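Only one structure is covered here, and it is reproduced in the block below.
When the chains are written out, they are named A, B, C and D in that same order, and each has its own residue count from 1.
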């Protein structure tokens, strides 16, 4: 551990870990639950099942060797029409130790439910709402769970790959879009 | 007024007309000419504000080449064009507004400003009525305008307008107190409420070189002038005290819903009020129509020039404020009034009394 | 952390409450934003932002166009700092594809990005002044911003949406005489910063209005994912240009200005504002260095096939725009169109904390706080 | 004489707007009509050569009390339903009482032995009022001001109890 010499406004304790070290460290604390992603960085992600997520999230934020205090981005993913899963990618970053981790949670399209981390990283509040808005993934325990970008009465989840564009909205005919935009 | 009636009675061909009719005629004439003055004042002031703001902001403001569809040379016709536009603009009354109050409000506000002009001496002779209670009359009449603002805010049936009206009422009522108290310092020195008496009392020299204006009379009146002027700026809702119409917060405050001619009346009232504050500061503290060099250039024509010059300078200062300062917050505004201006005003009154007692 | 108890304690409210809608059409919402404000007199007890009025399905669009065609859409996200958005997307794509771009391209990108940062901060400073009632600084800022827009017009013909930085390079080289014009602008502009300070920064009324108002503590800021000048205003020395250098920012000497609480508390509106003012100076510094070091000859494009087909995989890459960390999460399935493209907008996270920091203040302060966060609705709604 | 016409106009304004105050169905309209009543009364004072009282009437009643009344109306109810009806209940009995008082006044005016004398030219009242207040009635004046101060402090105390 070293003090970052360039920092005078905010205290960095640099204990940088790379992806494999982080996964090993988590496994030591979580009974070898997670297997590291075999692919090379930056594709390295930590795959988590929804039921373990809340506990892991608290651990990731509060453990003094990890301190993932900053959630950079939360992305919803639809793996395709044939695939039966939806995914959510959480990009975490530690302002203290300068290391990063991507957590990926896959849920079936039939029952897309993920526990909310909105209380752990406040930033997740709006991002989870946006993913619900676009993909229809429900975040359990979110205190303000409603659509954010689209109107409240919108039907369907537009960023899903099988989304059908509505022909009318409130009686207004939506102009036909071209098939190919090239 | 009496002067005008007297003049009428001297003219031979009017002698057959009953005096009552003549009285009404004279009153109408005066009212029309005052209205013309207010309107012209607004047009000139709007043009000046545009140009002054433009020059302060490193731009040109309204411009045009020649006369035609352009706004005249240097944009001189811009405000005239605006006035015409406002006159012919569609008159919109929101469907949920309280129609009667909505229509009435701008007129009450305007009347409150307009009626004050009766008591303002432009020079030695141009003064509609020199009331015994001159200064008090002006303070009284300018308090009518508040009702117009409150009604505009309430009648519009709009939350922004309501907020603006409430802020405005609180602000105007609060700032009336330091305004009146600083005015009192002058009245204590003069011993009369008459406008002309106050101006005549400022004749001559003081300290050998300075004109005997009340701003120079003693340190307390010097402070009183600034309190009076700043409170006056607050009274007319100009920046940095323009909270009632703060465009970034309340859209346009109490006149959010107004357009066309009704809105123009608010504008006329605002510029009329600006002139009143400037004129009152000039009369009470800067010697009114008195020349800065006593004994020179003090004919009635020069009197008008000096008076207007002082008033216009103070209007310029108000515009200068507006284009350089940010806006205060409601609580800071009230704090300034009640915690600073009011105690200082009281000390001023005491100070002037003691000064007058011992030194004169 | 005190941030977990952010629900409104309704029993603490005494007076009668009124719901006030600030927006969607309001002079100070910096776009089409609606803030539903619960007020008790002038005091604000709860703020609920409603966004999405400008939603243009950016992410859905991206899935339907090729990788090159995404760039004009990124322009339209943060339309005040289009260059930085182009830059962010280009950096993400180059990381995904593993492209090395020529040295000259890096310099050109840094120069235009920093110029656009100056232009964007001009808008932020000017409109913030406008929000607290100062009209003139706004026009001063626009006078100087105009010069940058003229430079960009000379560079790429557009004044707002440039589409200049492409994947693997820039669309074309600097025109003849452009470098001299940039030097000229920097010489003209540097003394003007003092003018803003005289007119607005150290104005007593301005300090009264902004110091101690809307304090955003550092831990709350990090938890909300607030970034850029807003985070630095809270005293966190965090700048991706320094901490995770992308492009060639590690070659330049510059400071990261942070909020010090000089006029009030660390993280108040004044700090956020002043960080932007100081960043103007830093950007001028970086631009000068980049201009000095720029190779005058060379190609402005990496060798790329006509149709970009990144390998399968995904990337999350972030760059520092004038508003903070702009992240791109791109998943490629080996086809010429993105499988998934997510834009993590800095203004989105900045706006999400408005309820946290503006509650309990007056309506006028809410406007000031909103102005100090410097949001662009095009980016929030995408 | 022109003054006569104006006098009757002022009277009409006062009485007419006073009727509106009583008969209007809408509280805020009543308050509005009260403005004109106050103005009319101020006008009547002017005809009695009491210019100082006239201006005081406007400062206190229009600038102070009326604003307070309108504020009260606007703040006690929700903005939407300020149109509280204040339809009087006992119109009949009220009318009778008013008529009786009116007749009594008329009778008093007619039977009182008014002694008319030509009014002297009054040169303002301000100086007189000032002298009376500061010399003859100084004690009552000061006592009143102390009373007002006490009331002010009491009001402040009561309104701040919640904090």
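Structure notes:
Going forward, contacts are C-beta pairs under 8 Å (C-beta built on N, C-alpha and C of every residue); 3 or more make two chains touch, one makes a residue touch a chain.
All of these numbers come straight from a predicted model, not from anything done at the bench.
Number of steps on the shortest path from subunit A to subunit C, with steps defined by chain touch: 1. Chain closest to the overall centre, judged by the mean of its C-alpha atoms against the mean of all protein C-alpha atoms: C. Of all chains, the one whose mean C-alpha position sits at the greatest distance from that of subunit B is A. In whole angstrom, the spacing between the mean C-alpha positions of subunit A and subunit B is 62. In this assembly, the C-alpha centroid of subunit B lies 27 Å from the C-alpha centroid of subunit D. If you average the Cα atoms of subunit C and of subunit D, the two centres end up 61 Å apart. Subunit B and subunit C, compared by their mean Cα positions, are separated by 45 Å. Looking at subunit C, residues 18 sit in touch with two or more other chains.
Contact of a single residue of subunit D with at least two other chains is seen at positions 79. Listing the residues of subunit B that touch subunit C in their complex gives 53, 56-59, 159, 163, 239-240, 242-243, 246-251, 322-332.
For subunit A in complex with subunit C, the residues that touch the partner chain are 6-10, 39, 42-43, 69-73, 75-78, 89, 91, 95, 98, 102, 119, 121-123, 125-126, 134, 143, 148-151, 158-159, 181-182. The part of subunit C that touches subunit A in the complex is made up of residues 3-4, 6-7, 51-52, 55, 57, 59-60, 63-66, 69, 95, 218-220, 222-225, 232, 235-238, 242-243, 256, 258, 313-316, 318, 325, 327, 329, 331, 340, 342, 344, 348-349, 352-353, 356, 381-382. Interface residues of subunit C facing subunit B in the complex, by the touch rule stated above, are 18, 20, 26-28, 42, 129-136, 139-140, 143, 199-200, 203, 205-206, 208-209, 362-365, 367. Only residues 19-24, 27, 98, 100-101, 104, 108, 131-133, 136-137, 139-141, 143-144, 146-147, 150-151, 154, 157, 159, 162, 166, 169, 173, 176, 193 of subunit B touch subunit D when the two sit together in their complex.
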